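See the structures that follow.
Heads up, the next two complexes both have chain A, just with different partners, chain B and then chain C.
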Partner chain A sequence: MVLQTLSPGAESTLVIAPMLIVLVAAVGTLLLGTRPRARAGVSLAGGAAYLVAVAAIDWYVVLAPDAPGAATYQVGGLPAPFGITLVADGLSAFMLTMVAVIGVASLIFSIRVLPELDRRSYYFPLFHFLALGVTGAFLTGDLFNLFVWFEVMLMASYIFVAYYGGPQHTRAAFWYVALNLLASAVFLLGVGGIYATTGTLNMADLARRLAAPAAYGIDPGPVVGLLGLLLSVFAIKAGLVPFQFWIPTAYRAAPPPITALLAGATKKVGIYAIIRLSFTVFADAQISVNLAIPAVGTILAGDSPLAFIGAVLFVMGTASILVGGLGAVGRDSLEGVLAYSSIGQVGFIAVPVAIAATTTVPDIRHIAIVAALVYALNHALAKGMLFLAVGAVRTATGTSRLADLGGLASRSPLLAGAFFIGSLALVGIPPLSGFFGKFLVFDAAAQAGSMSVLVLLLAGSLLTIAYATRAWNRSFWGQRTPAVEDAVADPVQVAVLLALAVTIVAVGIGFEPIYRFADAAATAALDTDGYVDAVDPNQTVSGVDGGNVDAGAGAGGGGGETGMGTEPETEPGTGTINTSDGGELP
Partner chain B sequence: MSAFVLAFVVGALFALGTFLLLRRDLIRVVWGLAIVSQAANVYLLAMGGIELGGFETVPILASHGEGVPETTDPVVQALVLTAIVIGFGMTAFALVLSYRVYEEHDTLDASELGDRE
Partner chain C sequence: MTTVIMRTTARIVVPIVLIVAISLLIEGHNLPGGGFIAGVLTSTAFVIVYIAFGLDFLERGVLGRDVDPGKTPSRDRVVVAYRRLFTVGLAIAVGSGLVPLALDHPFLSQSYIVLEGVPLYHHLEIASALAFDLGVYCVVIGGLLTIISVVGAE
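Right, the complex of A and B next:
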């Protein structure tokens, strides 16, 4: 097995490196207090180091010829499934890369957009805490720990939504906080139920137990409903219909660079969690899922929770495409158009995930996950860049209302060019990154043989063309308005936008390596055995007891070299599953 | 018996929390959120199993000899501690935020919030 060649030292440390870097940057900027220049410097250094660390994970764990495919870090030296395990595999690395690129761009942008605000606020520490939460969510291999990282991420984003402190900002933030606090409670319910049902919260252990419930004496039936609870929480984070209503107000309220990060990174955490839990963890569970309504007939039928996930996600995804597309056509500000567009675009990511969940053909499942990932990457780049472009427009003209804009293309051709490329990438024009995203999504739908999906996707694409054209025509073409007449675009902001535009073009032209990366990520997402092996290669399961809820919780002992000296070393008791992982840590 | 009591308590807390969440007064909404998250905590605690465990199933007790009191699953207790801390911070933030909303809007009535831009 390829995972056996995992070298214990370097790769394992690499896994935790991005988290440590953002944590140091967050605390460092906090300690620097009221020195804005030093804060900005530490922030940029942290961003650069983060980019390097993520690139190192990409290469040494996933892309190098002899890469192991996955690396783990056991926090505190406690072995899985008792400690918290951090896992960097292809899927995590792909997501981290996306966040690193858009995060650094938005960080540089922030320094230009908010210099005066930062002197009296905690912008940069919060920025890094937001990045920390996102990074932790991508890396953790523990369900409860995922909840904790969600909270870290949310806590920072609450403050950003309320950042400007005006009437509409505090109002948006209050409803955003209320919704997400409720979602957190639902998340806890799902976590508690899964723990009671399976006796573990470690994702790899969970996957192993669900694949062979009889061997562990558990009845996996309730996990379908519990997964439904978790799915609703993740759908709130991703902004899928019917949980999309918070997006327009929150995106309008937050500072533009943060909106880019919310759309580019935080949304993707929801998508990532859906893919990770559905395919890596719950895919092998054998649970009969049937739902029939007398008058309508069979709604869904299958022998895996994926059948349920697929059906639900399909409805959510297609509804998101239509709601987002139709909503975006009628908005009167650039942010409004882009916020509704985000809802629609997440639908385009959810639909291939739904196709992957409903199909039983491994090849189609694989290509559908690749399609979702490539589309997610394109959305992160293009939408992140467009939100930053709106920030630049606001810096230059002081407004983002379509009625007050016009003729920006002649006033600032470079800014207009960047916005144009972002819009084209959103529409999916070759050779930009968006083309391959759209192409792969259509390809997955065609291979799955679903005409209705194809028609819906096509309708969504036409709506994308409609609102992108409208936003472009109203703000960049036509007569110059008074606001535009003496607009001066900030050169650094324009440079960041151009760098992102070049990235979008480069991803489209040099698509081969990106495809290989997405391919590796999809393989990792679907390879439950590989994931379990990476997390816990020494685990051998012998005797199994009644499998009550104490089973996974019982044995804290056995880990010889733990970092927690107060824990007495004990033998796993009779009421627990016998493990043989003592002292064999990497 | 205690299982029924716990189930009733969790159900009642969720009902009360949902009722408060749907009120127009923002402070009541915050109360509702606090109660719902406490209900989730009680649920989480109950999910550890409420039958008593001995020192065989709870490793920390093993080094304290045979005559130790029985106890329940410690993992959920650790989880709930974390959840309580997070919930406390969130409730405090939500209260401060509702005060800021009041400062900006001069009202705490949810139906009157939309008027001011």
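Right, the complex of A and C next:
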């Protein structure tokens, strides 16, 4: 029996735990076939286990006093950069926590919404596969593997968009599938190009090679353009202008709990991928960017791909804020308002990312990333909760058209209260979670000294107030319509909404630990060396024998020094197999 | 009904396709091949049968069951079996990945064992990757044939 594998430590096994839990839950619900109660039970157990596993990652890897800050898992025991590495660091953990909270809420909600639909179809297995794709995308440390998880996520979401099978659902699904197939092709093209340019797809290895291209004998020039391709793919997932057009139809077509998950979790995968690739992987690349049009002159110049990313994201983000805000004001259904609103809100997340990419001051970059993350958390909670609230309104009244609604507040005060808190969080009223998100975004813009950005953000905030007020007035205040008159809100759905509302209030009031977490996440996102070191500790110090590396304790670089000088120095840049060279990084 | 040429060709080709598929499955872990391609090839054999003899042939001709022609294909016993095969395959693949975890190795770790002195073969190599491949094989056959029979009936 030959098993040449590294035996992982406890932290390391934790990294893969959330993925295994959703995978087993997906297979379990499939095996249970046509027993809806058992399926729901297994789903809930999986959701609870997922929450526990993510909380354990949060604590043991990121937040505990002696936490390593990052943990890795080498799938199949194949060492990085050859195998697939899973990395849980602050940024991944922050994103996973967001998904876990909104995912479990929408899972409980689903059980009350869909008993009759699930009987003959695959709702719960697909739900878990969607969660699996999102989880994998947050954890993977490999660019091609990221593509695979995107596909897993998309396959499940295709079916959900077409779930009800009516004409408008099929139409929405057709657009959604066509657009995403195109995006996947572009993604693959970008990944292939990056492999051809740098010779690796492991993110840590990529970062190391791009920081010292000469040592590896590569010309990193094409990487900027390839990164542009990837950026457009991630912008499609995040729904940034000009790739926002699929969002309203797809969000209206999918079942409400799934829409909550699409807006709360899969959208954030796009944002996560932009932050991870831009700041962790490509930030140290030494490439001069010089974009000039003969008639106009130099448009942008810088010595890092970040200058390019920043400029593009900035345009996309501000356009999203305006398009989303203006679009939301005129919609005639609650889903429509929220779908356009989520285009605008993603703009609010993209703008601080753009600020972080354009600035050269480390402190401003840090605060801008924190702002983007806190805003993303707020958006996941508030928008997820609002979409669930629309689901509850639809269960109760059978409609979500603003014209048919009115006076819901007197009919179901608790449902109305939850919707109200969600809207206020979206607007950014203290002490809710949204206030800190908006505050940090404004703070980052002010520190970067950009007046025009501040004005745009302010305009976007005013639009938020306008559409949130309109949606609230039309559906919850005023005369009761016939649809509302005999509406009965489902108690379990309302309980889920209230739990989320309490979470939003709690995040706002007890903001200090959340800030600490977001701070750790931003540090992890910006700490390329730490990431490289966590994935591959024997790479940063020359001469450590690869066979002795303990993948489990591979964080923080503590073990690296021991090997110094035990082996003759290898010449950097000799081989394509980079276990033979090291010491490029400070 | 299709032509005599088509049906005669199908009789000859289908066994060959199936044998090639199984050989691809078995040697896939260290030679070109594997669960996916073997599954696709096996599905192709079924598709040839479907094209040559019609959608009901498998149930009526091979399994000797009565087929109610008005029934929706997704309720057919054969399609139910395909879907079950898909699920079982997925369970096998995931399970084969989980076994190394129980033995304190990373998820999806693989190994192999060499048996000497086996009758006929002499030297036989059994790889754990075969279990994963088998799972993939079942998933591909189950998934593809479900789609083909349901969409084909429409």
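The working rule: the second predicted complex is superposed on the first by the 528 of 586 C-alpha atoms of A that agree within 3 Å, B and C clash if a C-alpha of one lies under 4 Å from a C-alpha of the other, contacts with A are read in each partner's own complex, and residues count from 1 in each chain.
We take it that a contact is a pair of C-beta atoms (placed from the backbone, for glycine too) under 8 Å apart; a residue touches a chain by one contact, two chains touch by 3 or more.
Here the structure is a predicted model, which is why all the values come from computation and not from measurement.
> Tell me the contact category for A:Leu30 with respect to chain B and chain C: first, second, both or neither.
So A:Leu30 only meets chain C here.
> Touching A:Met155 in the superposition: chain B (first), chain C (second), both, neither?
After superposing on A, A:Met155 lies in contact with chain B but is clear of chain C.
> Return first, second, both or neither, reflecting whether A:Ser184 touches chain B, chain C, both chains, or no partner chain.
So A:Ser184 only meets chain B here.
> If we overlay the two complexes on their shared chain A, which of chain B and chain C does A:Gly398 touch? Say first, second, both or neither.
In the superposed model, A:Gly398 contacts neither chain B nor chain C.
> Thinking of the overlay built on chain A, is A:Phe174 touched by chain B (first), by chain C (second), by both, or by neither?
Touch status of A:Phe174: first partner only.
> As a test of reading the superposition: which chain, chain B or chain C, is in touch with more residues of chain A?
Of chain B and chain C, the partner in contact with more residues of chain A is B.
> If you stack the two complexes on chain A, which partner ends up touching A:Gly225: first (chain B), second (chain C), both, or neither?
It touches nothing on chain B or chain C.
> Quick check on the superposed pair: does A:Gly166 touch chain B, chain C, both, or neither? Answer first, second, both or neither.
first
> Considering only touches as defined above, state whether A:Gly77 meets chain B (first), chain C (second), both or neither.
Second partner only.
> Which positions of chain A touch chain B when the two form their complex?
144, 147-148, 151, 155, 158, 162, 165-168, 170-171, 173-174, 177-178, 181-182, 184-186, 188-189, 191-193, 195-196, 201, 548-550, 552-557, 567-568, 570-576
> Which of the residues in chain B end up touching chain A in this complex?
21, 26, 29-30, 33, 36-37, 39-41, 43-44, 46-49, 51, 53, 55-60, 62-63, 73-76, 79, 82-83, 86-87, 89-90, 93-94, 97-98, 100-101, 103-105, 113-114, 116-117
> Tell me, which parts of chain A touch chain C in their complex?
Residues 1-3, 5-8, 13, 16, 20, 23-24, 27, 30-31, 33, 73-77, 551.
> Please name which positions on chain C make contact with chain A in the complex.
Its residues touching chain A are 87, 90-91, 94, 98, 100-101, 104-113.
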